[in-house]
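The structures considered in this document are given below.
The same chain A turns up in both complexes below, where it pairs with chain B and then with chain C.
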Partner chain A sequence: MTRPALPARTPWRQLQDRIATGLITAAGIGVLLAILAIGVFLFWETLPLLTRFETLSLERLSPLAWGTLKAAIAALVVALPLALGGAIYSALFMSERLRARIKPILELMEAVPGVVVGFVAGLVLAPWVERHLASALALVVWLPLCAVLAGLLWHATPARLRGWLPLGRAGLWLLPWMAAMAVLALWAAPMIEQRWLGDDLVTLLDRRFGLDYTTRNTLIVGLAMGFAVIPGVYSLAEDALHDVPRSLMEGAQALGASRWQALWKVALPMAGPGIFSAAMIGAGRAVGETMIVLMASSNAALISLSPFEGLRSFSAAIAIELPEAPPGGLTYHLLILAALVLFLFTFLVNTLAETVRQRLRRRYRSGGGR
Partner chain B sequence: MKRLDRRRWPGDALWTWLCAGCVALSLFMLITLLTLLVARGLGHFWPAPLEALTLHSGEQVIGQPVREAPLPHGAGSERLYFTGNRELNGADWRWVALDDIAAVNEPEDAIRLERSPWGDVTGRLAALEVEGERLTGAPARARLQSLLALPAGQRPRGELVLTTAQGSPLVQPLATITAFQAPNALSTLEKAGVWGQGVWRFLSEGPRAANTGGGVWPAIFGTLLMVIVMSVIVTPFGVLAAIYLNEIAHQNRLTRLVRIGVRNLAGVPSIVYGVFGLGVFVYGIGGSIDTWFFDEALPSPTFGTGGLLWASLTLALLTLPVVIVATEEGLARIPDAQREGALALGATRLEMLTRVVLPMATPAMLTGVILAVARAAGEVAPLMLVGVAKLAPQMPLDGEFPYLHLERKFMHLGYHLFDTAFHGDDVEAAIPLVYATALLLVLIVLVLNLTAIFLRHHLRRQQGGSWSRS
Partner chain C sequence: MKRCIRPDRPCAHLALWLLLWLAAPAWAAAPVSGTLGATGSDTMASLVLRWGEALTARHPGINVQFQAGGSSIAPSALVAGTTRLAPMSRPMSPEEREQFQRRYGYAPVELRVARDALVVVVHRHNPLKALTLSTLDAIFSTTRACGAPAPVSRWEELLPTGDWPYGRIALHGRNLASGTHDLFRQRALCGGHFRDDISEYPGSAAVVAAVGESPRAMGYTGYHHLTPMVQPLGLIDAAGETIMPTPETIQNGEYPLSRYLYLYVNVAPGEALPPAERAFIELIMSEQGQRIVRAAGFVPLPADELEPLS
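Coming up: the complex of A and B.
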């Protein structure tokens, strides 16, 4: 009699299999339920607010809502141009070898903990900007001009020399150029400030326009949170642009379009949804970020348009006030309502972005036809 | 061709250059941040020279220069000195206008002491009186060095006599001194040794003087322990949920929705998880445990307040999507042929999973867990709600039964950084340590992320070569 090499399906093995499958299913569904519980809990804890609706609540929440919105807008104003510009360049113009190195580095930016960014923004950048407001604002205008200036100079140099500094690696060799230009601007700006304005810009703002200047203000929050939002937006937008079928770009260029025209007329419309979803995810991140807003803003609940005044966002208010709020009180429920708003907003925004991205992926797979 | 080029020249090319500038600027910001952290974080431990100043007014000051700042209205600049001697001067710091300084020298016998009550002292070493001997100069420094290596209880009774900058004597009993520095007498090599010691003390000692001095060991330990407890919770559940989603559940519209949902939870702000942890774990479950088991301790809560367990659970929930997504990615890469082959040979589903699928997906799971740990190590906001402490009196792990105290509060590097930087009494003294802490935190998180990236890269190459699905 020969026995089979493998034991037959004994009842014990069958039972084991049943039990394991059951356990995995239970654990899987349990985890998914636990995740669902977050939403349910937040809803449940805000219900008491319906029975004791007071006008006070709206008064307390509206500065926070405004602060959240203002911080997010400031961050996006900083992050979107930088991230999208970077994505366009590295997806379409950068050499492949350099791209393989630079992209992971920029994505690592996302890993820098918020508390570190917040500390540098709040205790290093903010006092510096307060003392050198004119220089800081000058840098914002001057550095993009420098990039363009580098381009002008590059086109003016003979083609033989251009080979040393190819456009495909410009992202890297512009770095020392920008650093040198930044140093130049920092050296020249105080003199120009004295010559043209005759006084410190901060004092001038106060005297001429009655604008208060807070050390930790919206400008700082925008810069710091922009730094945190750039990598996420860049990475997604770059993926979308890089995945545009090569044949389409090459076709456009064969028909006489320049690279920039091909980008504008072919790649951007194709990758548009992907870029949109990247921006959405950036917005979600900016709305919910806590430590950066907490450390880089003055945390004063104000409603003002001035970029030189502080703000207080939902997330910062939760982090500061919730540990002290007695459970069951009005503040407790209000703060949970704030958390619910954050949860719903980011969840909706991310779902929208994810759906758009999946549709885009299907479109790419089908070769680009609509 | 040339004509065409010229016609489109400005509009086209300049935009491209602007885009290239964006990449350069982003890199510039990242490099600046890291350079700042490295320079200030590590530079702090390098012994700065002790300068003895003579001011135009005839006053003498001894101190370590810290930084310079311009005076208002273009009146030159001033320099901040650390002078110590809080009980004599009323403050540890002194701003000196550069124009006021008549002479600067760096005397070899200038010395900076760390004491346990009161803050640091600077002055000139006059004599060391120990066991009836009276030593001065270099022998005194060498003897002091060897005496300080002993624990405070075993040191012989003795005194250190300093001359303060004002010329008055200051007598300091040996037992109160914890460390000393005579930076002006050191060679570069010796300074490097002092630097290494400083870094080591920062990593291995507890905080002193309301977190403005000393090290961050309890915070490192707390972070590690929290992350370990969190991984123990998140790994099995994350992996099981991923296996369920990918291997057991029917692939239909519902699973696709769930998958999108899980993916999106990674984008929900961390503070929301903190709120959930506070409301459900701390007040809900913790409160109930207190009323059932720790009735005698009420109203002071045992589990009904933030603690290690609740913090770990909250962060486990926060990082669950990371583990699920990474594991699912690994599972989806395994070709169906492998599964069908195992089943065709008579394996049950359990055997197919444990012997074929899971071993192949292990690197993906590991990547997920490492990414989760990296995320958790840098996260601070939810911890502020569920159990982090400014200064934990007891470690959550000690020799007392049951050894691991899940209900205790713990210290965390990120929160330590936040608290020291923004709620300290002496921010000037705390800032260098905050830089060092920030550098440490960034290093930990970056190393973890790099490990995950390399693991994933390695994995993709390996699998892309041998058994790619497409």
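Coming up: the complex of A and C.
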């Protein structure tokens, strides 16, 4: 790279520049050192535990590790389809004007504090789902089906009518349709429950399958944390997809590819690494998220696969116990070890995501070739 | 029926004397001022703050600052010397005492300031009224150290006649590091281990809220956290008598899960307390102080246990 010719600098401006550069460099190094110091501190504090090499720490931490993983998986199962679907639609198919409005609104979701999400999930959503489990599950299955149904119906409508329902604005006219379908499901589910199952679904799960139902369970955590993860994943994946050079998509369609083929064969492979890094950053957030898991889960240290049972994650355990754990005790050291594991994990996930994203950026810059 | 718990003390007239002594215009003397720091139990936070307000009303110069962080931070704050007053919801452990002794060369003064209890709560419509202590242990523990023959995990086993509530008992409790968790483990589980599927909450009010919203739930919490959403269970003693957690049974110790709340004071033998601290303790031991205890939802001390700091 050649530098453009700069205007002659006065010594004073040169000094200013030097000071500014020095400050910025110092701040950067400071941040790096701080991160390193956190790692060293955590490692130092867990040394007494590691040197003793007891199985106790493994025994106490493995339910927490499982809980963390389970919560993150649940959140991603909820968030990824919604966020990626939304990103694909708004980046490639939505009308530009609508996109300019919708995207900031979705990104605003990220500003909702975790405490508020956790509070609503734990105190409003969890008791409601426990009382209306059948309705809640019906919604989860029924709404995606309705979206597909809407697509089929749209295909079947005569072309004259389709002008009223443009694809680029499907996000708007689908809203009343989905709302109507949700109301239908909520109205029908209790009747189906009574008629065919003959009992409340929670009782039935217990009687028929011996499944335990906890009020604040993995399902609730997944929904709440999914909600929190969606904006981040959506925003990054949308950027990656929107940055796919238009010429490539248009070229593919000009050669006869359908919209669907252009999406699968051109846009997704191009933006793949970006989407992957978006998912990784979502996973990192889900693993590190504290307040939502704390408030929406039962905090019972269990190792179970059931989505209807509670969990306890590293971050929630640290938040609850550390203020009251006497420094230097066993609980304290175990919690610090948990913090170390959490730190390493989020560090790795974020580094991986960032590396992949940098590589993608380089690929776009080099002209979109493969 | 008031019983004298410590027969070694001539309780009745001593108490009367104390009350008279405390009601005397001791505070009317010199104006007391200063900032009073206290660190400790968050169970007692509301209580200490109310005492602080009353103290400020009495001596406008005094300003009470309370740092609530749990009973286990109180001893370290006391040892570090950042505070002279440490409210705790449990007695100090021998190790904590030892630490203090090593640092200062004398033992901290232990004052009993109020009575409290752990209560077992269920949903307000639950037909269950009382449990034996061993059944309670069988519900909450895996060890059954109190002698129950088999674990109890379902409502049908507790209420054989009714068909409601049905299913697994959803258990709710406090987090591992809290004093409430520890006390319940020692007193109700006979030192055993909790089951691992108990939902844990960082605060007692959250336990009550969770139990209040589900008919299948059972939990334990502090007496002062009771709300109309939940009903406390009585405990059946060895004689087959049901003891409900009421102010009387908690005050006289009949209710098995009752306890004292403590205030630990760092004062050397023979040293006079600073006037602000002295006024605070005098307030706690006064009739007004004990009225505040009741207002905060705890149970006042029996009259014969009000002791002044000498």
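The rule is simple: the second predicted complex is superposed on the first by the 337 of 370 C-alpha atoms of A that agree within 3 Å, B and C clash if a C-alpha of one lies under 4 Å from a C-alpha of the other, contacts with A are read in each partner's own complex, and residues count from 1 in each chain.
The criterion applied here is as follows: a contact is a pair of C-beta atoms (placed from the backbone, for glycine too) under 8 Å apart; a residue touches a chain by one contact, two chains touch by 3 or more.
Nothing here was measured: the structure is a model prediction, and the numbers come from that model.
Trainee: After aligning the two structures on chain A, examine chain B and chain C and state clash or fit.
Mentor: Here chain B and chain C cannot both sit on chain A without a clash.
Trainee: Output check: A:I88 vs chain B and chain C. Expected answer is one of first, second, both, neither. What do you get?
Mentor: After superposing on A, A:I88 lies in contact with chain B but is clear of chain C.
Trainee: Considering only the touch criterion stated at the top, classify A:P327 as touching first (chain B), second (chain C), both, or neither.
Mentor: Touch status of A:P327: both partners.
Trainee: Once chain A of both complexes is superposed, is A:I281 in touch with chain B (first), chain C (second), both, or neither?
Mentor: A:I281: touches chain B, not chain C.
Trainee: Considering only touches as defined above, state whether A:L123 meets chain B (first), chain C (second), both or neither.
Mentor: both
Trainee: Does the superposition put A:L137 against chain B (first), chain C (second), both, or neither?
Mentor: So A:L137 meets neither chain B nor chain C here.
Trainee: Does chain B (first) or chain C (second) touch A:H155, or do both, or does neither?
Mentor: After superposition on chain A, A:H155 lies in contact with chain B alone.
Trainee: Check whether chain B or chain C contacts more residues of chain A in the superposed model.
Mentor: Higher number of touched chain A residues: B.
Trainee: Among 8-16, 80-88, 98-106 or 170-178, indicate the stretch of chain C whose C-alpha atoms run into chain B.
Mentor: The overlap with chain B comes from chain C residues 80-88.
Trainee: On chain A, what residues does chain B touch that chain C touches as well?
Mentor: In chain A, residues 123, 294, 319, 322-323, 327 are touched by chain B and also by chain C.
Trainee: Could you list, by residue number, the parts of chain A that touch chain C in their complex?
Mentor: 63, 123, 127, 130, 202-203, 206-207, 212-216, 294, 298-302, 309-310, 312, 319-327, 331
Trainee: For the complex, give me every residue of chain A touching chain B.
Mentor: The contact residues of chain A facing chain B are 6, 8-9, 13-14, 16-17, 20-21, 23-25, 27-32, 34-35, 37-38, 41-42, 45, 81-86, 88-90, 93-94, 102, 104-106, 108-109, 111-120, 122-124, 131, 143-144, 146-148, 150-152, 154-155, 167, 170-172, 174-175, 177-179, 182, 227, 230, 234, 258-261, 281, 284-285, 287-291, 294-295, 315, 318-319, 322-323, 327, 335-336, 339, 342-343, 346-347, 349-351, 354-355.
Trainee: Considering only the defined contacts, which chain B positions touch chain A in the complex?
Mentor: Contacts found on chain B: 8-9, 11-31, 33, 36-37, 70, 236-238, 240-241, 243-245, 248-249, 258, 260-265, 267-276, 278-280, 283, 306, 317, 320-321, 324, 345-346, 348-351, 353, 374, 377-381, 384-385, 414-415, 417-418, 421-422, 427, 431, 434, 438, 441-442, 445-446, 449-450, 453.
Trainee: In the complex formed with chain A, which residues of chain C make contact?
Mentor: Against chain A, chain C makes touches at 69-70, 72-73, 76, 166-168, 170, 175-178, 196-202, 209-210, 213-214, 217.
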